[in-house]
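I'd like to ask you about the structure that follows.
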Amino acid sequence: MSFTRLLAVAKKEIVQVLRDTRSLVIVLVMPVILVLLFGYGVNLDLKHLPIYVYDQDGSQRSQDLLKRFQASEYFEIVGVVNNYRDLARAIDDGHAKMGIVIPGDFSQRAHDGRPAQVQALVDGTDDNTANIVIGYSQAVVQEYSSDVQLDWLHTHGQTTKPTPIRVETRTWYNEDLESSAFIVPGVLALVMSVIGAFLTSLTIAREWERGTMEQLISTPVTPFEIMFGKLVPYFVIGMIDVLVCALIALYWFHVPFRGSFATLLISSVMFMIVVLSMGFFISVIAKSQLAASQIALLATFLPAFLLSGFLFAIEQMPTVLQWITQILPARYYVSVLKKIFLKGSPVALLYADLIPLGIFTLLLALLATRSFHKRLT
Amino acid sequence: MPETPNSVVIHDLVKRFDDFVAVDHISLETHKGEIFGFLGPNGAGKSTTIRMLCGLLIPSSGRAIVAGYDVAREPESVRQNIGYMSQKFSLYNDLKVIENLRLFAGLYNVASDKLNERISWALEMANLKGQENLIVGTLPGGWKQRLALGCAALHRPPIIFLDEPTSGVDPISRRRFWDLIHKMAGDGVTVFVTTHYMEEAEYCNRLALIYRGRMVALGTPSELKQKYMKGELLLVECDPLGAAVEVLQSAPMVMDAAVFGNALHLVVPQAEPAIPQVKQYLAQHAVTVRHVEKIPPSLEDVFVSLTSERRNGKEEKAS
Amino acid sequence: MLARPQSAIVAEGLTKSFPGITAVNHLSFEVRGAEIFGLVGPDGAGKTTTLRMLAGVMPPDEGSAMVAGADVVRDPEGAKHHLSYMPQRFGLYEDLTVDENIRFYADLFGVDKGEREERAPQLLRAAGMSEFRTRLAGKLSGGMKQKLGLVCALIHRPKVILLDEPTTGVDPVSRRDFWRILYELIAEGVGILTSTAYLDEAERCHRVALLHQGKLLFCDTPANLKAKLGKGVVSIISSESRRVREQLEGVEGLSSLMLTGDGLHVVVDDARRRIPEFETRLKNAGIPFVAVRQVMPTIEDLFVDAVTARGEGAARRKESL
């Protein structure tokens, strides 16, 4: 192997990337945009859900109940109506996710110790949200209801107030249940897929398309030197991008980082090799840049987006898809990322992810090195 | 010269792309039934000029009248009255011969009652009768060439433009093709050909040499060789060649010297007096001379003679 | 065929087929050192395929080839150190400068810095491109790109150079510069194989091999080939060439006739005999003409003659069956 030749290929590739404005934009600007986009744009939190109320009772009691809804951070009363039609329209227009109707005999019934009802009309178009809304509402009403019952017991002879069992939840690892903390680490995998696979997939195909490959293979340069020389710039760029994105996650989004930096580095290097190998392989088999970029998108970016667990939990997926994610390198990397950032897991606990990732690294690197031949078909 | 429907009249034609002048004040006229050649290297402005003449590009300034219509003002009328055969033929390779013919007949608005007659004529002319159902992509180059010509002439236009029509085709097919062209010209069709291949230019009745957007010469091939060639050409067979050429480049009677295969080509002001001078000069420099004779210049010699003068002293500014 | 020590290229029985077509059909020839050898033929004759096999980028189906003393079929990588290949779409990187392109190829061939810094300016000067070192290759004219391609191919002092149609479409002055560089290389003992579809360019080569449909038609110096033609070529200058053709078609001794712009180009069995005959005929028919004279045959004449002879030979053989 000749170091001079390898360096010559690498230098050429670097110069070409630097002089190609389109590639530069992808390389520098796009990762930052991705992180910001997913950090801010995708908000799975349900807070301050807008609700409308129709209080037919208008009593102290009904007001108490409504105050409880307002006090909860999950709800915000944004409108008061005095008929069903306006309530229905508010939900149809999307101004309210839910409408609460308190019947006229609400306080009377409560005072009499008879069961009273509260009606909730929920926007069910997004059934995920609807279920959560119903759950939150039931919790508010349940708490109110047990308080009412205790008061009644108290006013009717019970001197000691028994304490009901209350459920206290405490969330570990992502205390605020901030979805940005949940999503942003996974964005690193996405960024690497773009740099590593998408950009790299153009490199060999470009030389064939422009006609420079024929002359290149007539020189003594070896396939390994071509591959290594071409991939080194993308490797460096990719790692820089990962670093930048990690810094944005830590200092802009305040995503906690509890694990070891060394583990992050090692797993990132492994995944980088995975995506670079895939990109190179795609570039060899696709005969045009257009085909290469499309294959790269389908084979790396889309799976990383949809199936890696970065955005959508794997456990929630249909069984078939869960099986498929087992052969997706991105899945293991995303899992490692989340554990490092949020859990601070020691390496010993990461083996279940690192070993499959390591296997993929070796396999794909081998595949890529064997795929390129200095021959015209 | 009156603008009959069979002529092309170009007056001071210019085409600029930003600050690059692709066509720089070209003026010429063609006669009916003439085979007119536009000769020059790639990038000289030939294709740009043809595109203007076909009404595909608007000139920056100047005028061109093709088949009696102004290309800038009535491009549609121009296009209805011309045939155009582009480089590398622009046939549809996945269609059959007959399908290509029908397609072009439709594109050129051939009247339906004349359709079969014209298609039959095109097949006959191209010697493709009986091959109508072959897929064009499988045809040899020479056949495609003739078919492309047939497609371009289906509507019997008075003027036909051929852009590099025989690039890469074997000489026999090329000769057959040019026989067809001559036949069409004999029927009164004006044929306007562009080529970068100097030898192909010999087939044309008249030529315009184009270099960097300008017309540097105009005339029949013989006229060009006589009028535009500065000096005359000598063939010198001698040993050793390399040393001889160096020696001769500084010889006072030699305007230009170059190796050509196993011999030298010299440009001298006049052949007759130069022959003995050259022999003597070479003998003085220990070169064995076997043979010296005057040879006719080729069009390439003419071209070099015209264009190297433009470059000498002024550095070539690549576009 | 034994390879002499000074042989640059020895091809023996090279064969390559693609689906439906035999591109190169048992081709054998030899190129010596200090020689420019022309592989001539139209598109589809098999030139590019032959060059690719000799450059080691496409393996032949059958046959062997020695290039610069190395067996390029069995050990292509070993041969590549001493040869240079400039394909039709040669490998200029348009987004790199002239200098950067040269440097890249120099590094690929292991040319050390000192040698490169001495040789590159020499080559650029010969190509007339010294002031363009920092220009992006994409911004050069067609002729200069071609010359740069050649410079990149020469930077490592190859013993054999393979050129695939290097001067197609290039302006005549650049073409001349290009050939001047080639002739200077010969003096250093380099063997050059160049292909061209321009039959007239074949005249610039020391020896010429004509290819037709993957087979070798003939192989010799242009002068010998023309002498062997055994026929004469006559040029008739006349303003009424079509009438001349009508008069002379089918006349005895005439093997081919072609219209040119000024007149006709005619191949006859014996020029000295036929010229006065033609003149008499034309005068009697009242057809004006400027001249009827013998000219040198062109390579194209040779080609047409050879191919038609083959066709006739095949037809004759068919008839005799």
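Going by the order they are written in, the chains are A, B and C; count residues from 1 in each one.
Just so we're on the same page, a residue touches a chain if its C-beta (ideal position, glycine included) is under 8 Å from a C-beta of that chain, and two chains touch if they have at least 3 such contacts.
Just so we're clear, the structure is a prediction, and the values are computed from it rather than from any experiment.
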item	value
Farthest chain (mean CA position) relative to chain C	A
Between A-C and B-C, the pair joined by more C-beta contacts	B-C
Chain centre separation (chain A, chain C; CA means) in Å	63
Separation of mean Cα positions, chain C and chain B [Å, integer]	21
Chain B residues touching chain C - in the complex, by the definition given at the top	35, 37, 40-44, 140-141, 167-173, 175, 178-179, 182, 186, 196-199, 201-207, 211, 220-222, 241-242, 245, 258-262, 295-296, 298, 300, 303-304, 307-308, 311, 315-316, 318-319
Footprint of chain C on chain A - complex, ascending	2, 4-5, 7-8, 11-12, 15-16, 19-20, 210-222, 374-376
In the complex, chain C residues that touch chain A	52, 55-59, 76-77, 80-81, 83-87, 89-96, 100, 103-105, 107-110
Interface residues, chain C side, partner chain B - complex	36, 41-45, 128, 131-132, 135, 139-144, 169-176, 179-180, 183-184, 186-187, 197-200, 203-206, 212, 221-223, 237, 241-242, 258-262, 295-296, 298, 300, 303-304, 307-308
